[in-house]
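Below are structures written as structure tokens.
Both complexes below contain subunit A, partnered by subunit B and then by subunit C.
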Partner chain A sequence: MTSTPETSSADAPPLTGRLRGRRGRGGGPSVRPRTLSRRRALTGVLLSLPAVVVLVVLVLVPAIRTVLYSFQDVPASGRGPTPFVGFDHYERVLTADAFWHSVEVTLIFAFAFVVLSTTIGLGQAVLLNKTFVGRAFARAALILPWATPWLVIGIIWKWYLDPDVGALPSLLGPTGLGDSESPFLASPNSALFFAVLSATWRQAALSGLILLAGLQAVPSQLVEAARVDGASSWTVFRNVVMPALRPVMVGVIILNSLYACLQFDVVFVMTGGGPGDATQLISILLYRQLFVFNDFGVGSVVAVFLSLGAVLFAAVMTLPQLVLLRRERPDR
Partner chain B sequence: MGGRFLAGCGSDGESSTASEATASPTAAPTAAAAGDGFADVEGLKFVGWDFQPDTIQAHLDTWSGITGVPVDLEIVPSIGYAPALQTKLRGGERLDLFYNFTDNIGSFVEQGWAQDISDLPGVDDMLGEMYESSKPRYVTSDGRVIATPYFSAVHMLHYNPEQLEAAGFSGPPSTKEEVFDQCEKLKADGIAESPYSAFWDKQFIPQYFPLYLLADGIVPFGPNGEPAFADDAGTVEVLEWWQAMYQEGMTPGTILTDDPTKNAVNIANGTSAFYLIHHYFLGIIRSLEGTEAAKIVHAPQVPGTSGTTLQIGEVLQMGAETEGAAREAAFDLMKTYGWRDEGGDFSVLATWAEAAGLGAPYPAFWADPEIVALFPDFYDLPLISETFESKSEVQPPNPASLPWYSDFIIDQGDLVHELLLGQRTPAETVTALADSASAWASGEGGL
Partner chain C sequence: MTTLRSSARSWSAVLRRVGLYLGVVVYLLWTLLPLWFTGVSAVATPKAVTERPWRPIPSGMTAENFRSVLGGSASDGSGMGVSDAGSRLPSALWSSFLVAAAVVAISVSLGVLASYGLVRYRYRASGFVYTMILASRIVPAIAIVAPFFIAFRKAGLLGTELSLIISYNVFTLPLAVVLLTGYFRSLPPSVEMAAEVDGASLFTTLFRVVLPMAKPGIVAAALLVFLEAWSEFFFALTFASDLTVPPVLAGMQTLLQFGWPTLAAATVVSLVPPFVLAVALQKHLVTGLTSGAVK
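Moving on to the complex of A and B:
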């Protein structure tokens, strides 16, 4: 760890000729290094200020308001008194079957989404890290799903799965899967599965891009040394590549977990939360409470639970990778 | 004015159209009549959804050209329109006029986002020209007027006569039992794979629920929104039929999540022989290139013992903070938009009719030869007009008096989907729906 100028000004690089020999105020020794470091610090603060302001205004303030609303009776109009009602809204949410059903649906969706997005992304990254004809094109193509808005992906997949005109049922023609007798989005079970699959299609592309960048940063001499020692491809991947990739993998899993818990667009467009309530994620329940029912108290409680749940879920999903990372690099 | 209006729409403004020819002796009190009353109005803010935004802009430009009042138009995507609108109003943005969904108009007044316009000049004249059946949409049960028309429509059964004939039927079904029997035969004979289409998406169920009840002579809701349907044994029978239609494969398997265009494709390509939907969908069906598209027609009535159908429509509302001269100017624009312009023409309504077959709640609109000429021949306009006049209802009555109804519609979608999926019996569904309506009405609904 390097020392900061404040803690070891003696180790600071020599001053430029322009500054050398100048005296500090009162004729004492020069205080220029400290002034410089303060200036640098000030510059850093000023540069980050816009981002901090944006974060405070767009994230922190709404987050605090949401928590406050969850304890208040908020008029739908947004005008008028907002008396505190204690934990009434929390009690209402925690005793509602619809909420627990949405929790269950969200957990299933999120777990499948994270596992599929991460593993498919890893597969794509490994493949695209190899040398083959058309690799540049394939890498560019990987961006396409990621460049497509979630809403559009929902529409595309809805038509892709359509039993009459959809490509997938057509491809599966002889099997009868997805045809008009057993449409994919008509059954509560298959609707959730295909909602996961369509959202995964986009997220796996992002995972692949990030993991590909991570793979390219793995020191090639390590891989070559392992091969020289006679290690198989799988052994090299497991014992050399994966440990080097682990920090990136942790980031990808956190990202995928948060996307999973906050997913709304694709599922809403494909199923509207149906059939029945088969795909009613917490985010859809939240949308209904806040923007359809205008129930800001109860909606805020759902938002609080969704936020905490997303963080907790990301932590749980990341834990195995963090344990492995700790084993592989005790210093981390 | 008509010519100027059409110039705004891209026409040369010379051709004779409805907008020039629908002048009425009951012309609206006009901007001109208001004289310089709008001189102090700096401008109006108008929010609409994204159906033909250029045409909306042209209408507003025309009105601004006459009155001298600039109108700032903001278009919001129709997907998520209501939440976006509510967020703006909740955030304190001043909106003078905005499109709104009928189910929301009562709650908007209750929240202080929209205002009573009963006292403004010409309101009574506008209502006086309306079908009696249409008035409850705009008027609360205590007589306050809180919206004006944007467009109106009636639900009608669309069907394919050739497919029915091939199955041995001489005409469309007149009861729900006949619908089932005809569908069963059409499916068994391989004529139509999924004979019956309807937009049974969760968000649209609240239109079909009262519609099927009305068709069988059941009163869906009482004058104050009370769940009268729960007191009629016929409601369970309607839901039994509904469940059987879905469970026994008379509908497309994806009907619970299909959008209305997909259903239009189904009937246009012969997959379905029936499609129960707003009258103007016939234009959409006919415009598709399906093999059966050109054969589809309106049935004389929706199947049921009474044959009464549901009248729908979306509205224009005035923001609560619009006052003084701006209020009068805004209402002048509302009249032009949802009734007659200063020349007495249905100029704005005529463009929606021409563009998409949308209707208006005025007998004079349907009787006008120039308006009639705007509709393609396949629309049975006398039937549509008759349906507006005497064979349709707004349900619940006076929705503007029921601020809770917009919340209850969400529960309707959930509960009826559970019925269709076999997760609830019809009797349980009736009880659950009635409980939900009562809970929302008493402020106890939701989670």
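Moving on to the complex of A and C:
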């Protein structure tokens, strides 16, 4: 109590300070570490304050505003009264066929995107974890799709699939898939499929990079021991490698699911939501409501549904892996 | 008998080897062919680009496509400037670079302070604060665009670099905090403690001891933030439709007077900074990706 914290706190490393306090000769000295830890806590608060303030202003406030907008009539100019209209906008969205069609398209897109990105990513990771000539080059190549912006991917694949100048229709020509009768982005079903495939090109690379790092962290003694015991490579992969990789898989699937629901750039630039409304994801519908129809109220309802839907979708997609994780490690 | 068995084994080994290299070829085609296609289209003459069947190396090559997008002469030919989207690329490159650099500066410096505080100076709410920052990474930027748009319109910021510098922090700041927190956690605190014992002030410790030690983590965070800012399209489209590279590319795509070779050249130019950075800093990148797990 008598010693001022200033003289002692500067030269006492925090751990010993805490230790001394716990031992506490008499009642007095325990005050010292408490003031010390209070000062340290204050430093922590001050250091994180700028980032917290920025994020409150840039994320929390707009998020609350969006929820409020969904109950209001909002003039696009941002000026004038914004009367509350209750659940009017919600009713309009939930009774609109266009919205439900978008939900369906988004679900198909998102499910295919997650499955393809995760399995192709896992395949790439397993392949790049083997030993072969040119592996360093092959690994470096996986960085490139990831470093390509989503929008640029949309542009590249749109032309890559173009019947007149694209490489893929020409290369697939002999198989019959590249005939002009199978119009890659021109027919509704194939347009959705190729939009998924284009977006998967990047996400599979990202999944592959993360899963490869996960594979490299699997203890090699475990794999060797199983091999020595005569297990086939498939058994080793299923029963040794996959359980060790499971937590990384969970992370990758969450990531892929969130990206799936929020996908905008690739589809916007490849098909613009078409042909017709075949590839009109909720994100594209949202963009149209806001910036084509200038309806910020209805747009905000779509935004609320999209945010909640993305989290829900990620949870559902991750569930099987979590169940397996539980089963493999009952101690958890 | 033994020779038979061993030859069978060696045959299966050979088959495995063949299968492996087949897999490698398929992988390289899937990963690199779209990029190769774009690269050769960018140097192809207008005649060579429509050649069927497609040739991996075009019959006619030219640098004209690059000259037109970089020299700003990519027009519709009418000379009336119906659209000057092509000539916007050089200035868009500059704007993109400016925005990305400013976003890196803000997100990384605020991120360093916050993560250092959250890791080394824990306080009662620091766990909660970290979780909230992590959660803010999940809030989709698309979903909160309307309030930004209205605020920027009122403030007269639509169409400016500043609108993008502000709004990009929505996703880059949480990214920086997550990456750097992971990195600071992996650093041993003993050196900083020694500095503290020697009477160094908080900021001396931070700048002289912590930052040099944390350099790989900071480089990884700066790189990932730069890439996100360079690639961002949605905010760029809605707040400043023809300022940065991605919306300018999208604009060129919708204007049919640009042939694919010209667009391909512009695309290649836009890919140079991210590709150079990503390949040069490959090692940093992978640690960043795996420690962050988000993104």
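Definition applied: the second predicted complex is superposed on the first by the 277 of 332 C-alpha atoms of A that agree within 3 Å, B and C clash if a C-alpha of one lies under 4 Å from a C-alpha of the other, contacts with A are read in each partner's own complex, and residues count from 1 in each chain.
By definition in this document, contacts are C-beta pairs under 8 Å (C-beta built on N, C-alpha and C of every residue); 3 or more make two chains touch, one makes a residue touch a chain.
None of these values were measured; they are calculated from a predicted model.
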Q: State whether subunit B and subunit C clash or fit side by side on subunit A once the two structures are superposed.
A: clash
(Q) A:Gly78 in the overlay: touching subunit B, subunit C, both, or neither? Say first, second, both or neither. (A) both
Q: Tell me which partner A:Ala147 touches in the superposition: subunit B (first), subunit C (second), both or neither.
A: second
Q) Touch check for A:Asp162: first (subunit B), second (subunit C), both, or neither? A) both
Q) Is the number of subunit A residues in contact higher for subunit B or for subunit C? A) C
Q. Of the partners subunit B and subunit C, which touch A:Val218 in the superposed model: first, second, both, neither?
A. neither
Q) In the superposed arrangement, which partner chain does A:Thr66 touch: subunit B (first), subunit C (second), both, or neither? A) second
Q. Touching A:Val292, do we find subunit B (first), subunit C (second), both, or neither?
A. first
Q. Which one hits subunit B, of these parts of subunit C: 97-105, 115-123, 133-141 or 151-159?
A. 151-159
Q. Common interface residues of subunit A with subunit B and subunit C?
A. 77-79, 151, 158, 162, 164-165, 287, 290-291
Q | Residues on subunit A engaged by subunit C in the complex (per definition of touch) | A | 10-15, 40-48, 50-52, 54-55, 58-63, 65-66, 69, 74, 77-79, 124, 127-128, 130, 132, 134, 138, 140-152, 155-160, 162, 164-167, 170-171, 173, 201, 205-206, 209-210, 213-214, 251, 255, 258, 261-262, 264-265, 268-269, 283, 286-287, 290-291, 296, 299-300, 303-304, 306-307, 310-311
Q: Using the touch rule from the top, collect the residues of subunit A that touch subunit B in their complex.
A: 75-79, 92-93, 96, 98-99, 151, 158, 162-165, 180-183, 185-186, 188, 191, 270-277, 285, 287-295, 298, 302
Q. Across the complex, what residues on subunit B touch subunit A?
A. 79, 82-83, 86-87, 89-92, 107, 111-113, 193-194, 201-203, 249, 252-257, 262, 265-266, 269, 271, 406-407, 410, 413-414, 417-418, 420-421, 423, 445-447
Q | Footprint of subunit A on subunit C - complex, ascending | A | 20-21, 23-24, 27-28, 30-35, 37-38, 41, 49-50, 52-54, 110-111, 113-114, 116-118, 120-124, 126, 129, 132-133, 136, 138-151, 153-154, 166-167, 169-170, 173-174, 177, 193, 196-197, 199, 202, 227, 230-234, 238, 246, 249-250, 253, 260, 263-264, 267, 270-271, 274-275, 277-279, 282, 285-286, 289-290, 293-295
